[in-house]
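Naming follows writing order (A, B and C), and every chain is counted from residue 1.
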Amino acid sequence: MEAVKNALDFSDFPRLDLTVAGLVLAFLLVFPALPHSGFAMATMIQFLMFSLYGMGWNTIGGYAGQVDLGKAQYNGIGAYTTAVMMVRWDAPFWVSMPVGLLFSIMWSFIIGYPLFRLKGHYFAIATIATSLVLKDVFESWDFVGAARGLAIPIRANLPDFLYLQFRHDYYYYYILLALFLLGILYLNAFRHSRLGYQLRAIKDNEDVAKSLGIDAHWCKIKAYAVATAYVSVVGSFHACYNFNIEPEDVMSLDLSVLIAMMALLGGAGSLWGPIIGAAILVPLKSYLGDWLGAESGLTGLNLVIYGVIIMVIAGAQPRGVWGMVEAVRARRRGGHAAA
Amino acid sequence: METLLIELLKSLVSGLLMGMVFALVALGLTIIFGVMDIVNFAHGEFLMFGMYTTLLVSPLMGVDPLLSLPVCGVVGAALGMVCYFGVVRFLLRGPMVAQLLGTFGLMLALRNLALLFMGSEPRLVKSGVLVGRSLVLGPGVVLESTKLAAAVLSIVSFVFVWWLIRRTKTGMALTATSLDKEGARYMGISTERMNALAWALGGASVAIAGGLLVNFWPVEPNVGLLFTMIAFATVALGGFGSIQGAFAAGILIGMIVYIPPVWDAATSFAGVDAPTIHGFKYTFVYLIYFLIMVLRPQGLFGWKQ
Amino acid sequence: MPLLEVMGVTKEFGGLTANWEVSFSLEENEAVGLIGPNGAGKTTLFNCIAGHFPVTSGRIIFNGRDITALKAHEVARLGLARTFQIFQAAGDLRVTENVMVGAFMRTASRREARSKAEAWLEFLEIGQAGQAMMTELPVAMQKRVALATALATEPKLLLLDEVAAGLNRSEIETIIPTLRRLHEEKGIALLLTEHVLEMVLALSHRVIVLESGRKIAEGHPEAVMKDPEVIRAYLGDHFIKRQREAQNA
């Protein structure tokens, strides 16, 4: 009961934040009714997906401060569970998604236990290694289509809500939007929960946290599982939305880093951060890719620019956009800007 | 039995040769890590630049690919310095996250610069004294001269860099900084200059490794990541910051990469219907990194400088 | 039965001995000072007791339980809290939220944790700072918040590592009565290390002196301070020599 109350408790945000959030929500709700291109719709769907990935990453990477660069493996587990179950057993999304979630969480416990004995760089690189191992396995595992990947057969009657197959993108959009809102509420409850507080204490100083009775290792594993859940669900959705999945697509290192980027750019460890990050990076990436795409003969330039932006942000404001906002607010209050 | 033995011998030799190149690849990473505790995600991209340098320079200057190696060294050193002064220096003030992301951004930028200018098709050095020649060691055991030369020259380069670090005054200053930054600064050694030197040396050695590799390993813009991971695994195995460790671990990793083909030969020889695993050659490298970090974070040998 | 019993604890780092065969005990609701010159091994001993370091040999019993092999968070849950000498305020928690982290050890409810945290902040007379960010506070306030956080875990015994470090004279004078109230009103036993002897003497029923990792004296504060060995440890041999010369002259 208290969890529900916590999920709905936004009282610690200034009114300005809530007003902006309300306006954004209103826009998101009516967006499909506004005139828009198919490309814009696809970009919005990407935005919602990456917001969800980022919110998930935020639990372990933001609140707990553990830089996880292996989230793509859970996207892969979710996507593959859904695709395999649909292709082989004709199982609906609403069955395969929870199964994928279960697999993902089990896997996160198995590798989380040893992973969290590591810290800092070592942890980050090890998360990459685990994700690459799993990708290699999927690439040579015939049952899941190996490197060719899997194609989900199209249903006879559309729209099909059981299998998430639609002729129009706005169906996907609203389903994702619902997940997005749920994701925010859950993250809000998480932030207010005992675990949420304990993780922030761990991030500040692990020794102090331990002296307060916090089992840091176990808390990190739990947060890792929460992060995994977000990514896995979006992965399952991704399989239905894309029809075709292959390892290079759904579990590449680039995806892992992109997930972390969204949260870090927006401001890790804050509720709005990942959403802000996705709102900046997703359109930037897709429109840069469109303008500087294959026709222009400048393939790669978009990602060069992207890389440069990442470097500039990393050097200039490691706390992200939300960090800047907080710094401005702290200055207004007359206190010292939180560094 | 004979085919198995030949496979074993072949893999052993190949592993040994590749391992020597891996050692050179890892050398740069371990130097940079030792001096400034930073992990460079763009390490493999430096290698990729070295590969393209040889590919472009040798026909341009009309020399054999092997003679372009000094150019690779210079390009690598310059790239290292540019990256240090242009990017890395600004990341040092920030938290660890900033360093990870910053060097990742660097990787993305370098990789796609290559894509922009060189396109995505894989390329290989096609002519040169070494290309197409081989040394027959025994029935079925053929040594490609490109690999042999790469291994030998890798050792030469490795030893040369090691000599620079251990026997020259500047090299000793570098070692002093990696052991104790504060102390070295009191002795008048500028940390900033040593950092730049580490990036130059690191860049040069890995670019030379790239110049050697491209004689038998096709280059394309995405080639770097695999080598970055190999270098991480090697450095982890040898102990972060240790130079001797990098050498021994490089050779060990080279051998490990050839376990899957040997295993496949063994199972087919024994008539066991086991699935082939040669597709997992590099998976083992990632696994090794993971296991070493979890079980023995100080590296296999526990060597410190 | 004593609340805390330290029996022959030895702690070595590589070849260095930080603590050697240290034994002492502490009764319920007792306040004991642990003093000694810099590098005497006080903080190491704290870290061993609180489970941050594994001991090399010896045993530690707390509240009737052998806690020698327990980890820090397990020790904390049994009711042994501690503060840290070097406390770096960081992160994005506000003061009340910071204290709530301590309270969350005993409850999972945010409402309950908040009311407990607020009560402890009141007790430590910093209730007005609840909404501030940790990084915005002066050191003396940060130390009180850290103290409140440790207290919110509802300990039976509190280890205080150099509470007075970084505080000025008037701040030290105001924290002494607060600590005494803690001890007298809340019945929490205290084990404190301190450079500021005045503070140890004002608070402790008993004093233990460490030098080079060994216990060299134990007893009533005033008696211990007259012990020549303690004086030598603190002030060096030449001081005693000069004292003797002064007496002889």
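Please note the rule applied: contacts are C-beta pairs under 8 Å (C-beta built on N, C-alpha and C of every residue); 3 or more make two chains touch, one makes a residue touch a chain.
Note that the structure is predicted; figures quoted are calculated from it, not measured.
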item	value
Chain whose average C-alpha position is farthest from subunit B's own	C
Central chain of the complex, centres being mean CA coordinates	A
Two chains sharing the most C-beta contacts	A-B
Whole-Å gap separating subunit B and subunit C, where each centre is the average of the chain's CA atoms	51
Centre-to-centre distance between subunit B and subunit A (centres being mean Cα positions), rounded to whole Å	33
Computed distance of Cα centres, subunit C from subunit A, in Å	43
Subunit B: positions in contact with at least two other chains	none
Residues on subunit B engaged by subunit A in the complex (per definition of touch)	39, 87, 90-91, 94-102, 104-116, 120, 221, 225, 229, 232-233, 236, 279-280, 282-283, 286-287, 289-290, 293-294, 297
Residue ranges of subunit A in contact with subunit C within the complex	2, 6, 192-194, 197-198, 200-201, 203-205, 207-216, 269-270, 326, 330, 335-336, 338-339
Residues of subunit A touching subunit B in the complex	67, 69, 114-115, 117-118, 120-122, 124-126, 128-130, 132-133, 136-137, 139-140, 253, 257, 260-261, 264, 268, 298-304, 306-311, 313-316, 318
Of all residues in subunit C, those that touch subunit A in their complex	50-52, 71-73, 76-77, 81-82, 84, 87-88, 90-93, 97-98, 100-102, 104-105, 108-111, 113, 132-133, 135-136, 146, 149-150, 153
